[in-house]
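Chains: A, B, C and D, in written order; residue numbering restarts at 1 for each.
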Amino acid sequence: MEYFLELSSSGLVRGSIYALIALGYTMVYGIIQLINFAHGEIYMIGAFVALIVSGVLTIYGFSGVSILILAGLIAVIYAAAYGYTLEKIAYRPLRNAPRLSPLISAIGMSLFLQNYVLLAQTPDFLPFPALIPDFDFMEPIAHIMGSAELVILVTSAVSMVALTVLIKYTRIGKAMRATQQDMTMARLVGVNVDNVISTTFIIGSVLAAIGGVLVGSYIGQINFYIGFMAGVKAFTAAVLGGIGNIPGAVLGAMVLGLTEAYAAGYISSAYEDVFAFGVLVLILILRPSGLLGKAVTQKV
Amino acid sequence: MPETQPILETTPIPETRKILLEVKDLTMDFGGLRAVDAVSLNICAGEIVALIGPNGAGKTTFFNCVTGIYKPTGGDVLVHPPEKKTQKINGFKPNRVTTIGMARTFQNIRLFQNMTVLENVMIGRHCRTTTNIVGAIFRGSTTKRQEQETIDICYDLLEKVGLVEFADEFAKNLPYGAQRRLEIARAMATDPFLLLLDEPAAGMNPQETKALDELIVRICNTEQIAILLIEHDMKLVMNISQRIYVMEYGKEIAQGTPADIRSNPKVIEAYLGEDTDA
Amino acid sequence: MVDNFKRSFLVALWFVFLTFPLMVVKVNTLKNIVEWRWINMLWVAIGAFVLSLVWRWAMARRQLKSKAAEIGEEGLVKPGLGQRLLEDPKVFKPVLIVLALVTIVFPLLVDIYQTNIMVLALIFVVLGLGLNITVGLAGLLDLGYVAFFAVGAYTYGVLNTFWGFGFWISLPIGGLMGALFGIALGFPILRLRGDYLAIVTLGFGSIAKIVIENWEEVFNGAKGIAGIPRPGFFGAEMNIASATTYTYYLMILMVLFTIFITNRLKDSRIGRAWMALREDEIACVAMGVDMARTKLSAYAFGAFWAGLVGVVFAARNTYINPNSFTFMESALVLSIVVMGGMGSIIGVIIAALVLILMPEYLRAFSEYRMLMFGAVMVLMMIFRPEGLIANVRRKYAGRTVKTEEANA
Amino acid sequence: MRKSVIKKLVLVALLSMVVPATGFAADTIKIGVAGPHTGDLAPYGIPTMEAAKMVAEQVNAKGGVLGKQIEVIPMDDQCKPEIATNAATKLVSLDVDVVIGHVCSGATKAALGIYKEAGIIAVSPSATNPPLTQSGDYPNFYRTIAPDDDQGKLAAEFVTDKLGAKRIAILHDKGDYGKGFADFSKQFIEAGGKAEVVLFEGITPGAMDYSAVVQKVRREKADAVIFGGYHPEASKLVSQMKKKRMKIPFLGPDGVKGDGFLEIAGKNAEGVYATGPMDVSNLAVNQKAKADYVSKYGKEPGTFFDQGYAAMQTVLNAIKVSGGTEYAGLEKALKSSFVDTAVGKIKFDAKGDAEGVGFSVFQVQNGKFVELK
């Protein structure tokens, strides 16, 4: 039983990171039906910026919580800036192109950003400072769930609640929902669709950067390549949950995280990815629209 | 719908004509929404039948159910192909429906944009030809003959719709009216006994509409292809169709000859505010 | 114009801000040193400024072009120079003859290194042509194409180690295995639309690699399979130089074979169905094309070439391990197809040669290779989605003249 | 055209003979240095290249070998078999006399056939896969590093005998190198009969975290972990074990023993064991090589620097002793004459493994790897 709990805890932690990234995928997809393949790279850049900022701050004598807040904040700002620029360069000119074009452009962007970080920084792994302190009250159950894990779970939960509030109750949230329903109509009633799309990218990037900072701090190392696999998994999670559906992305991420943890724990961690993709294929066969996705009837 | 019952009975289908398509109580639900509610419809050989109704009445959904793009949630779609046995086709994939002999066009033109006009029509011949991978690679005499036949047939069709001169042009470069006609030619290439046209005149100017009008009548008369069309252009509908079905909110509210429909109070009510004589 | 400069200046400022932490700062946390590389900032600023100007100019041109296309002014959207040259038989024929001659004498003129990398480039030509069927013609994005390549390579490797099968027997088996896997993987994803397909094929690609890595009894895991024989020629003993030259000619034949078959299929009922599927799935099905069969055949046929050429790959290297079959290779083949122009055979050949040979000859730039691939993919999509060489519009033979028919 | 045909024929004829093509009138002695010089594995290949260049510079400054200058030709193989064959053929076509390399065992296997046929000897600083020498397939192969089975054996003995572990968990990264090490460790533990392997499992490099597998190690009540793989995964594992409050010993191979591990694992590295080539830092040759490197590049040399340096030294010595670059002469010299190298006084045995090199166990103490005697 304890083993099960331990695995569940690691599955949930992984799941909530996936969820933070998956939300970006699913929101962008919901609005412009594009798999933003470079989204994982935004997560990686977020982590890198946090690493660099915290490194500089440490050297200049800052300490503890101030580093965490500043590094996190700057990482989030930069990720948002990258997300915004990415959309403007690689996707906006392709708004009316055939479906494959923006997808290929996105793959290109992903390769570009990876190698940009590789060349600008280093191909090696870099140590990421443990920004999250160990809490004493977690000590008794640290082997099941440590402080870092707790912080990850809480932060992701808070971010997701904030996102829900944003989408449900704010003006821009309404505009986003309207655009998701019908872009042409939204434009006609005066929604600035371009702004809405940019905002969507920014929000998605912010969430991804939060994920990046959390993961970096939890794992203690990053390199230019971490975004790729995380991105693929998060996208898998988004598809699992029904792409375009925000609660779906969270559910899908949890299902994926837990699947991986149980598969690694009870079967073999060598085949972890096989199970992850296996679940994806299975769900897509049984329920092509994902767990929570509505069956989309294509307009003819 | 007891009210509609008498109307159905008052316009019996001429017995001399063979029924080609028989739709009984077709129903289509999307989640909680009933888009098509127990609609029945018959089409006989040599007929031009129109399906009209206000926007959102469920006409296109009805088309999609009949042609296999949606699987209807209730009712039957029966086809009686000439000289072949009757088939119930609910849930058949669209390509099988087409192979049986019912071809359609689309409300929003769906041509193969980056293929030439001729190639677009040639796709229509796909289900009537048999070349497989091996045949395509070796390109034997059968394949060659079939290919040449296909080209010939397609040129003939292009001639009929007046597009021969554009044969090697990309479909996307055609003017709007020509694209509509190309869709018809493409559908005809599948050798249908019934052609389903979804708003063929939409977006056309009066001259183009008139030409289309003639084209449809010609297809029906000379090619022996029955036609079911959805159309908003009442002039066109009244001009060429022998019978008209009217839908509103997913239900069938009337059917009959153009004259019957014109004077049907329900139809007038449904169209109140809409320009029935446009 | 001034406005352009002003805006480009702002863009440059934005990029300076954007790249600041990554390009300028470098922290060594172990020794607690910060390296400030201010010179990079200057480069970014200059680069962004110039690129922004170019971008603006190119965007303006692009808009003009699309407007012209909308109006339907044929004069403005004339085919590119390359295409016109290719269509002119006066140019085309001599070029073809010269090309053929160069191809034939190539290995005699250069050393075996050149021949050897040319063989690799030719292998990627075939891969590009194969993926071109799936992506370019049928419009099914496949991000795990390299899995089929691995299937071919490992088919030969395994058949050879366990049963001593030779190259020539393994070659068709490799192709068939590729096709078989194409069908097997194609089945579950038939119902998926483009985007879902992308992620699932990506998953398949990584699953293939994981299985090869873990299933040691058969594939020898990460250790790889060594000592795979090179292609034989009626049992003749060959040294490396002549074996390489021989493999080169073999690959030339294979490329020709691929072009021949692909062309035949492209201009057939099946090829047209593939293209129609790419253009509009619903319309395609409504016109009586069997979607499942068409999709599967496109998948299988694309995979067939990967499997076939995988055998050659194994024979060329004499050693295979899972490292050669990563997502990077899939991305490479995809960029070959994208750069060459989807559906265009000549374009794909040129792109494969450029993308494979360039890093070999410009080894100094090989670090920047992936960076450039990425940039090229984005830029091509925006400015030249039809690729280097656009797919030439096919003109069909005229119809049979009626009177002749009557006479016959 | 005709001239080229003749040139080609001559080339083929030359290559098919065992006599190296440079038999005639070569002004320089060309030494190819092949390994990953770009890409993510470049940190394992570049130090060897730098070492070879340094040795060549020093020798050239003193007038070269046999009156000829040494020319080092670096060739990137990215550790990929297909690129390695490109690199190998390129080196062959450049008429190199000897090759230092390759670095990864996989790439080495792909390239060796080509060298063998061209009559070129290859001395690898780092290809530790045992069959390379033991299979007898590659008589032209030598290495200045001990093979993996030695390392696995040492790891197994250390964990069972010195640490007294009874239940051992073995993890690996599924790669050629890591899995090989894990396999040998398992084999020797089982053969030793003093402990049992309670878990033998691959992990996925690049996965977000390894907490599930760490939990598994805990569940199996393992009292030691042996990990086959490189430092990024090792540091991730170590830090997660720490997070899960596990205090059992962790041992990795020489891919872990390096500054990279210390840097990334930070505090968590403390107490970790790693096997690695014997500490040779007290040898005069080694100290000089390192000092030269630091003064030239301003940083500490990277992985396999010593081995690369030694490979270059043995090769140059063999050329000097045999009086040329002929295969047979070099072979005899490599196998018979001891050289004082950066990894100790070595010569090669009949299979091509270096005699006089070996592995020791190290432990991280106060942020440094310390050899345990």
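List of remarks:
Going forward, contacts are C-beta pairs under 8 Å (C-beta built on N, C-alpha and C of every residue); 3 or more make two chains touch, one makes a residue touch a chain.
Source: prediction; values computed, not measured.
Ranked by separation of Cα centres from chain C, the top chain is B.
Looking at which two chains touch through the most C-beta pairs, you get A-C. Inter-chain centre distance (chain A to chain D, centres taken as mean C-alpha positions): 39 Å. The mean-CA centres of chain A and chain B are about 47 angstrom from one another, to the nearest whole unit. Averaging C-alpha coordinates per chain places the centre of chain C 35 Å away from that of chain D.
The distance from the centre of chain B to the centre of chain D, each centre being the mean of the chain's C-alpha atoms, comes to 73 Å. The multi-chain contact residues of chain D, meaning those touching 2 or more other chains, are 174, 202, 204, 263.
Counting partners per residue, chain C has 29-30, 210, 213-214, 282, 367 as the residues that reach two or more other chains.
For chain B, the set of residues that touch two or more other chains comprises 69, 106, 110. Taken in their complex, chain C has these residues touching chain D: 29-30, 105, 107-109, 111-117, 120, 210, 213-214, 221-224, 226-227, 239-242, 244, 313, 316-321, 323-324, 360, 363, 366-367. Taken in their complex, chain A has these residues touching chain C: 29, 33-35, 45, 48-49, 51-53, 55-56, 58-59, 74, 78, 81-82, 85, 89-90, 93-94, 97-105, 107-117, 119-122, 126-127, 129, 228, 232, 235-236, 239, 243, 270-271, 273-274, 276-278, 280-281, 284-285, 288, 298, 300. Against chain C, in their complex, chain D makes its touches with residues 1, 4-5, 8, 11-12, 15-16, 38, 76, 79-82, 84-86, 89-90, 92-94, 105-106, 109-110, 113-114, 117-118, 129, 131, 137, 174-176, 178-180, 202, 204, 259, 263. Listed in rising order, the residues of chain A touching chain D in the complex are 3, 6-7, 9-11, 13-14, 17, 123-127, 142-143, 146, 148, 215, 218-221, 223, 225-226, 229-230, 233, 260-262, 264-265, 268-270, 272-273. Residues 69, 72, 74, 261, 264-265, 268-273, 275-276, 279-280, 282-291, 297, 301, 393-400 of chain C are the ones that touch chain B when the two sit in their complex.
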